[in-house]
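Structures are listed in the sections that come next.
Both of the next two complexes hold chain A, though its partner changes from chain B to chain C.
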Partner chain A sequence: MSDDMVVLTVDGLEIKVPRGTKLLQACLDNGIYIPNLCYLEGMERPPSSCRLCLVEIEGRPGPVPSCSLEVENGMVVHTSTDALRRLQQTAFRLLVSTNSGKCSLCMANKRCEMQRIAKFLHMPLRTKRLRHIPKDMPRIIEEHPCIDYESNKCVLCGRCIYVCGRQEDAPFHLDFAGRGFNTVISFFGSELPGVAEYCRDCGACIAACPVGALSYREDRQRFLQQLERNKASRARK
Partner chain B sequence: MTDLPATNSDELDPEEQRVLAAIEAELPSMPAGAQNLIPILQRIQQTHGYLPRGGIYLVARHLGLAPSKVFGVATFYNQFRFNPPGRHPIKVCLGTACHVKGGEIILENFARRLGIEEGETTKDREYSLERVACVGCCALAPVVVVGEKIESYVTPSKVEGIITEIEVRREMAAREEERNES
Partner chain C sequence: MSPESTPSQRLADMRQAAEEQWRELHEPEIPVIYVGNATCGRAAGSQETIASFEESLAEKGLEARLVKVGCLGHCYAEPLVIIHYPGYPPLMYQKVGAGEARVLVNSFLKDGSDPCFEYLFGALEPNDTFPTLMDYPRYLFEKRVIMEHCGLIDPASLDHYLAVGGYQGLAKALEAGSRRVVQEIKDAHLRGRGGAGFPTGIKWEIAANASRHPKVVICNGDEGDPGAYMDRTLMESNPHQVLEGLIIAALAIGASRALLYIRAEYPLAVETIQQAIDAARERGLLGADILGSGFGLEVEVFQGSGAFVCGEETALIQSIQGNRGMPQYRPPYPAVAGLDGLPTVINNVKTLSTVPVIMRRGSNWFKQIGTENTPGTAIFSVVGDVEYPGLVEVPMGVTLEHLITEVCGGIKDGKPFKAVQIGGPSGGCLPASELRTPIDFDSLRQAGAMMGSGGMVVMNDEACMVEVARYFVDFTQNESCGKCTFCRVGTRHLLAILQEITKGEGSEEDLEELQVLSESIIQGSLCSLGKTAPNPVLTTLRFFRDEYLAHVREKRCPALMCRELIAYYIDLEACARGCDACVACCPTEAIFTTSNRKKAIDQEKCVKCGECVYACPPEYDAVRKVSPPEMIPDQGIEPLAETEEEDEK
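Right, the complex of A and B next:
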């Protein structure tokens, strides 16, 4: 066995991955799905903020986020114990307790990570156990010249900020603003010249968003018009 | 790295333009490096009473940071404000006692009367509206602090009275000045 490969056991399955791989990535590459929202392939230091990718590792006292953990030789990993599922379901409940909106009226319908995770965890996209507290801010924030931001869909994973930060020649960068419950993605600086042109061609943040909280204004308006047309044609029938 | 957005500068009032010019003049004497971001923001706020939007661009350029990063840090801390303080800052107490006695209603009354939201300043910079957590005289709840003066047992009708009183004083001062000039 070469030195730069590591062998570990995940859910009884032996897998072999390059040294330095993050555990989450290793599992995903080998067909073992672990729910995750804030991780993107290639991240040096994932934020580990969504708390969905927790796994148990034999010999460790508690669950660990698999996205920020590097694989080790002989690791024995469990990804689907009851205790983990309960933790993931609670994390998911907390996320949906502030999110709102109808999936059928959303551009990300059917390709939304939240829908995928809901299905995986056998959870509804609404929670009864926690009080629903929508964010106290405008539903659609049109601060950017060509990108709309829907705060009630955003899960604050930070993927858009990560990919935006990697566009070194961009005239402006996304970042978080505010704190705690009032945290938002801020478009401060998007009024600078050249932003509209640059962002129209880049679109990295929109592609990285797991839930469809970011979209080109043009696309969103076209989508809404299509919805209207569908509604009208259904009414005629 | 960044130029000031052109769209904003047309709408700037002369007061804000003066503040921005002052910040621009001060900045070169302030230390560079991202670790000095918070001390610089604190100094600007201490000198000018608030962080103007344009000032955030200036600081970002000085430190070589993205403006959104500076804005993110500034919005994280409660100590920074983005609107100039009014000549009559109105602080509505929402501590436990005032909250129970209906402080929220008082805040709403001021907001409606002045046409501004909490944390904002009127266009003429006469009034700014803020919420505070306990001013230490809970027996007088609900309490509002206008400038240095504590208003006790505030009711919606008293809100009107407080504003009217300030307006009358202003009017009197203006007439006095007119008389002195003539």
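Right, the complex of A and C next:
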């Protein structure tokens, strides 16, 4: 076996992956799902912000985010202990607590990462145990010339900011704005010339969003009209 | 100066002139007036005091030297003035405003006849006539290592610092070389004063051993804790000591770049430090070839724009790099890969200020102070309901009780002690039963509080601990960078629950949820802001559970603080007929006259501002506060009939 491979044990299963791989990626590549939102393959320093991909590693204190750890030979990893599940469920509950949980009215219905995680963690998409606390700001932010942002759906994973930052020729870049609970994605600079044209062609942020918090305004309008039509036709029946 | 002379010799040459100046100041032929003129002194009016001294001296045609010094840490006594009149010991005066300054000139400085006992605090030196500062517990129990010269030297004068032994630590370090400096700091067991107490020597060793070059040292002067100001005071009162520590750190790890990160809300600190940098460069204590040693360093000041989280080291680095101040996952630690990916040592202002003293006096001397696990001193900014608030420097290991009751004079106005909140906004609240806790990193953490950067709020029995927890969580929630789920959303839920409890809308299940959610936030958060934010909640739940229960079960606030759960009424027995002192102060006109021409409060209109409590003359003291509001007794109040009211007018 070459030195470039590392062998480790995940939930009792031995896996062999290239040295330098992030633990989360190693697990995903080997069919071991760990919930995650803020990680994208190829990130050098993942933000480690969603706090869903926590795992336990024997010999190390506390849960650690698997997205930010490199695999090591002989590592013994647990991804599904009760303690981890409780933490993940709490994180999930917190993430959905800003949102209404009305999936059928959302463009990302059925392809939303939160729906997948909900199933995996056996959690409802509408929080019961915690209060529903929407962010203290408009539900829909239309600052960008052609992209809408739904603040309460947003899980602040930052993927959109990451992929936008990689478009070196973009006339402006997404970033975070605000503080604390009211942190949002900022479209500061999107009023610059050329933004509408550039973003209409790019769409990387929309594609990267795991929850459908970003969408082209046109698409969203069309989707809303469709919803209206469906509602009308249901009413007729 | 010969080119081969050692750093120590070069420094000794410089010191000669400095000591000459110092002698003139300390064996004065004309009176010397020292005025504390750091931010705290200025806030208390020291600029007016200085102007008044200047004016009065000019009017009287008197000669005296005015020296603007930094802060001694005695906030309760500002503006502080020390007068050294030839033939007298140096005498300290408290609360010297413009008027007192005039009196001091006219009575004392004029001819030395009357040293104005009425404003005198004490003499700085033992003598037969005046009480000395050592007669006060505050001075007796304090141990000044870091703040030794604060308030006694002119921060704008490099010579003053040289005269008190400044830069000798650096000269020694330059001669000893990197490896032995690191060893000395390791031997001293110096632990970082920025909050976590990480061993400084080990941090330096990691960076020194890192293979990448160039390396960077950063002094963390962000000091975002509300109510904490020791770092500001050090930078304003003795900037060269901070700078000397920074240069030694750079030497130790082999850094060629050094930064001082100071929050922009500290303009005087920025100015003072910048002045010190310029002066040090001019005298060859900074620059290409420091004291002829061949070691070179440039220092720059970076002004942070004031976010609490930017004090966290990885966020601080982001902020210097021009990014939003958001903490990053560690490892890699900055000592391995920090600013621009370079090995970077970040140390707190107090940590760096301790370094020159250790280098000068040796690790063995340092280890005699404090405890085995945490040698040295701790500086706290003690605020709240104590008799003598301010900055205090005490040896590590003294108990909280000692600090509060002896050093700070106990609770103001003889009220009972209730709690002390230690460690800044995410510190814990400890009750009287925990006052035996020694002050050091490990003991405080065990008790559920933390050293933090040294904020301490002392509370008397009028503080509601639920409200206190709500207050601090509100702060940390607002200052959360918004990056990770637990901190951004979790603390918001803690806040929502606490808000409901303070309004009497909480339930016992909410207490359970507070506990569970707090534990998750501690476990799950990315950086220490989130990992410590629940401390005020957990400690108050643990030590003041009864108070939470009173709020949720009886809708009662035992401390009579939570507005929704209290009511004011006027005790008709105590109220004086015909007096209407309270009426005008009420912003909502809720106070009316009763049929027997006393006063009563219309609960519908009352907004519970409490103004009437202060307006009511102390000889009647008739306004009462109760919780829950239903506790207002039935006093059979009838409003004065309209017609009678007309008559009265």
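Observations on the structure shown:
Methods note: the second predicted complex is superposed on the first by the 236 of 237 C-alpha atoms of A that agree within 3 Å, B and C clash if a C-alpha of one lies under 4 Å from a C-alpha of the other, contacts with A are read in each partner's own complex, and residues count from 1 in each chain.
Note that in this section a contact is a pair of C-beta atoms (placed from the backbone, for glycine too) under 8 Å apart; a residue touches a chain by one contact, two chains touch by 3 or more.
Predicted model only: the values in this text are computed from it and were never measured.
Residue contacts after overlaying the shared chain place A:156 against chain C, while chain B stays out of touching range. In the superposition on chain A, A:192 makes contact with chain B only, not with chain C. In the superposition on chain A, contact of A:45 is made with chain C only, not with chain B.
Contacts of A:91 after superposition: chain C is touched, whereas chain B is not reached. With both structures placed on the common chain, the touch criterion links A:179 to chain B and to chain C. In the superposition on chain A, A:65 makes contact with chain C only, while chain B stays out of contact range. In the superposed three-chain model, the partner touching more residues of chain A is C, compared with the other of chain B and chain C.
Counting contacts by the rule stated earlier, residues 175-176, 178-179 of chain A appear in both its interface with chain B and its interface with chain C.
Note for the complex: chain A touches chain C at residues 45-52, 54, 62-63, 65, 68, 86-87, 90-91, 94-95, 97-98, 129-131, 133, 155-156, 158, 175-176, 178-183.
Taken together, the chain B residues at the contact with chain A in this complex read 2-3, 5-8, 56-57, 60, 66-69, 71-72, 75-77. Interface residues of chain C, counted against chain A in their complex, comprise 307, 324, 326, 328-329, 477-486, 488-493, 496-497, 513, 516-517, 520, 523-526. Considering their complex, residues 171-179, 186-189, 191-193 of chain A touch chain B.
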